[in-house]
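I've put the structures underneath this note.
Here come two complexes built around chain A, the first alongside chain B, the second alongside chain C.
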Partner chain A sequence: MTEMTDVSPPRGRTALRPWMLVLPALLFLAGFFVAPLIDNGARSFLGEEGGFTLARYWQLLSDRFYLGVIFETVALSAGVTLISALIGYPVAYFLVRKAGKWSGLVIFLLIAPLLTSIIMRTFGWQVLFARRGLVNNLLVDQIGLLDRPLRLLNTPEIAIAALVHVLVPFMVLSIASVLQGVDRRLEESAQMLGAGRVRTFFEVTLPLSLDGVGTGAILVFMIANGSFVTLVLLGGGLQTLPLLIYQQFNTTRDFGMASAMSTILLVIALVCLWLQLRLVRRQGG
Partner chain B sequence: MAREPAGSAELVLDGIAKSYGGTVAVAEMDLTLPAGALVALLGPSGCGKTTTLRMVAGFETPDRGAIRIGGQDVTGLPPHRRNLGMVFQNYSLFPHRTVAENIAFGLRMARIGRAERDAEVRRMLDLVQLPGREDAYPAQLSGGQQQRVALARSLVVNPRVLLLDEPLGALDRSLRESMQFEIRGMVNRLGITTLLVTHDQEEALSMSDIVAVMRAGRILQAGAPSEIYDRPATRFVAEFLGTSNIFEGTVAPGGAGLEIAGAPLLPLAGPATPGSRAALSVRPERMALGPEAEGLDIRLDARVTGAVFRGTYAAYQVEVPALGRELFVYRQADGPLGAVSFRLGESLALGWKAEDAVLLGAG
Partner chain C sequence: MARVTRPDWASLGLLAFVVAFFVFMLAPILVVVVVSFTSASYVAFPVPGWSLKWFWHIFEYEPFIDSLIVSFEVAVGATVLSCLIGIPACLFLARSRAGWASAVMTFLLSPLSMPMIVIGFAGLFFLSWVGIGISFTALLVTHTVVCLPYVVRTVAGVYRSVPRAYEEAAAILGANPLAVFRHVTLPLIRPGIMAGSLFSFLTSFDNLPVSYFFGSADTNTLPVVMLSYMEHQFDPSIAALSTLQLLLAVVALLVVDRLYGIDKMTVTG
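The block that comes next holds the complex of A and B.
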């Protein structure tokens, strides 16, 4: 009997527990994500002659130049977010309500650009809008609408257009997933009660799909905030935090300042995440 | 938009038809709802009743025919200009608005001022017995309460016609019965013309003034509930509304009765063409067993093969050797309600009156 009831593992070995399965991923994240982040954050508080300092943050948050860069970063992201929402909502509406059997194709067309590298897509814009690129070639040589090629590259407008192009699918998919769940009979109820199509949209459809717009907006805002490649290649004189961080590291070699800036960028992203969590929780509750 | 007095508009469906890519949903339907009447469209799913309702609402356009409300042709009007009320099966309350905002929605669309809106909301909440629930959200209400709010929301705008789409389908059984009385009473008090769509025969029979039984896009029979139940026109109607014992045979020479091979002649209540194929329907509760079968127009020997207690009545299955089949008989108990008073295997007499055998048409 005693032999049979003894089921404890042989000495010297430990049983495999479920939580151990996440250990490799945790170790990887700790080594290559958390540690550099802490290192980076610590460096921003380290004074020139050692010791703790808030001087860099004081400078970043009081100097007109840096404030301008932070403002430009947020303003650019906000603008891209707004344009993405305005373009994305009708697409999402079409996808959910009108596309029918073509919805698979529409989703493919939306996602297909995401399968190519962001550098390729950005180069695509350069090819299109270069001085002797496709657009100018068409306008000047083929149609003869203009005498001289337009200066299209390196303008903020092209940078914004490229960012919107990259980010609009996130907006569309976020809105579409919520719009999908809006009961058509709610819209019909509104119509029965005397609301025309436009009023029905603004009274019922839009309010009930705002969560999707919110999720999409936070997603787009966060990605736009950290965008780098697009602005380097098409920037047009825009000066944002990621570009400035790059300069600090590579040109000025002021690592402390660069660290402080990236912390601020991180804080903006965290605020966005917090907002999104709040939004999702309110939705669930 | 001026607010008209409540209800009392006649609704006329004049030969409306609707097909979807070759499939006929509704075929040339004619139906008149007298002002203030509650009319039920009853039928199995896919019979075209919902399509009919959606055409009246304005969500579907008929291929042919016209819909008139109070003499006005509304066939081409969009839903929001028809001034109708509609209660959906799942109530479709706006989840992002309070009870008061839901009820006031139609008034706001009609640009009625805030003070009057608030007064109307209170009046409607009293009417549907939910006073003081203005600030609740739909998700905080029970199914029955949501149903009341949905009714209040559709009635507050004084619609010319009220449309009810399976209004009790989502409620549990006990609540359903009290809501049947309540809706019936409210519609009567307001005198509002109402079109009810349902697949539940009990709901249709107990709530409406007129029942129209539909099948495959057509109305098979329309009439008062008792008439539809007691005098079904076709076999489908007889079987869809409750249980029926159906006998098929040939009308005997002189129209004396229905001939079924190897069985006695079954008496007919009315005239029939001799030699034609015909079917008779006898309701289980019109059949008598044992001593009660004495002196009836037809009497047959039977044997009890099944007996079930049903609460207010007992249901029997009896085998009739002369007919070579089994029949259903319902019997109100004289002793304790529904008690089973005949034993399994017991041999007894079965009978019915000629007038209770209804001659059915084709369909």
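The block that comes next holds the complex of A and C.
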């Protein structure tokens, strides 16, 4: 009776102890997710000749170069998040309020890009903005606006656009799911009481949907913070923590330093996760 | 519930914005599909002529095929493993009212929120220390960490919406717990398992930040090989591969959607 099969239902005979069903997953993550992260954190405090050291963190948090990289990581993620919110909100509004029978198509178009590989999208940006790409082709040959192709690739702008492209669907879906729950009668009441459409939007609709913006913002910020494929291929001179970890691993091979940078990235992620949980709890979800 | 919406400038402006948005979303993807059918030996858009030669080129470049097989094996393996450990956990967590159950749920989903590059980097050193360093096993285990949340989230979401009454009825009629699971619970949560497995497979198949750290001749996955190829060459074979990959994802999504109606789950879940 002490033996437990993985497939027994949640409320079997009490001797089977249903809570044991979570053990395989729990132990697996403890062994292959938490343990590596703790090991990684420990390595960042391990001195060259053994012993405990804070030297790497001291360097990361005092050196102008590293501070710049940390700042750029956070600023890039924040920028991408802000742009995604500004672009995503109108699309979410359209999806919930205006699309009507087209909403299925809009959702399909939003989800379809999520099925493409990150490599494919990066390649797409290269095709569009290469020296002989579509954009230069249009500007130079077709319209004749310029007499020489522009250098468009490897600029921060393209890297940011590519990141927004990857992340904005998450923002739209987060906002749309909250906007869907906003009671339209509140807006109608505001209008009946004499508020114009603009005022109704800014004083009723927008505040009521801010939770969706918040959820989406944390999600986008979190993913942007860890992304590096886009920056490796479209970089544009941007230096972020993930990119630096990648370089440390590849060329410098200073693993202790890479561990310390990973830990900082992890702490940022944990703060985001904490904010996310707080927000979800407030929504009562 | 027919609502009469008069066309007005604000709505038209919004519509124009949404159209521009989708041009932005689809352009980088469509150009890759077009370029994959080019007859030119270089990447240019518009393409000078059409051919399928870059699709044939994929099969001539051995690392692509080898890594494609590795990617497929890892994605299937990680998905199966995620289901084996994830589904039992969902069965308990989705029905438990215990306070710690929601904490465990958060924990099982937390790999989603961690930077993948950190999971990969930390995993490499830890697994080397344990003795499975750069190997297929290491790749499989780390991919499972990343895939598990997709299975757990989708299966738990579906199971929560299943009324307890069905299982209770079966139990009252004398079915033992195993029979209840096989004949009642499993068929009810199957859509969640299929959808979660699909997300898990696609996530693993497309994963680069984790796979990157476990790269060797035998364990390079397709995205890793594509990345290193792209860092040195810029030719349409990457476009052809991407197009094939997209086709695979779309077909898989359509099949699962046709069988189980996936759109309801992704949007509300």
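One rule holds in what follows: the second predicted complex is superposed on the first by the 265 of 285 C-alpha atoms of A that agree within 3 Å, B and C clash if a C-alpha of one lies under 4 Å from a C-alpha of the other, contacts with A are read in each partner's own complex, and residues count from 1 in each chain.
Definition applied: a residue touches a chain if its C-beta (ideal position, glycine included) is under 8 Å from a C-beta of that chain, and two chains touch if they have at least 3 such contacts.
All values reported here derive from a predicted model rather than from experimental measurement.
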First, second, both or neither for A:Ile119, with chain B first and chain C second: second
Comparison of chain B and chain C by chain A residues contacted: C
Contacts of A:Val204 with chain B and chain C, given as first, second, both or neither: first
Chain B versus chain C as contact partner of A:Ala190, first or second or both or neither: first
For the chain C and chain A complex, residues of the former touching the latter: 5, 10-11, 14-15, 17-18, 21-22, 24-32, 35, 42-46, 84-86, 88-89, 91-96, 98, 104, 106-108, 110-111, 113-119, 121-123, 125-127, 129, 141-142, 144-145, 148, 152, 167, 177-178, 180-182, 185, 202, 206, 208-209, 212-213, 223, 226-227, 230-231, 234, 238-239, 242-243, 245-246, 249-250, 253, 263, 266-268
Contact set on chain A toward chain B in their complex: 183, 185-186, 188-196, 199-200, 203-204, 207-208
Chain C contact footprint on chain A (complex, rising order): 5-13, 16, 18-19, 21-22, 24-26, 28-29, 32-33, 35-37, 39-40, 43, 87, 90-91, 93-94, 98, 104, 106-113, 115-128, 130, 132-134, 137, 162, 165, 168-169, 173, 177, 197, 222, 225-226, 228-229, 232-233, 242, 245-246, 249, 255, 258-259, 262, 265-266, 269, 272-273, 276-277
Contact set on chain B toward chain A in their complex: 1, 57-59, 78-81, 83-86, 88, 90, 92-96, 105-106, 109-110, 153-154, 157, 163
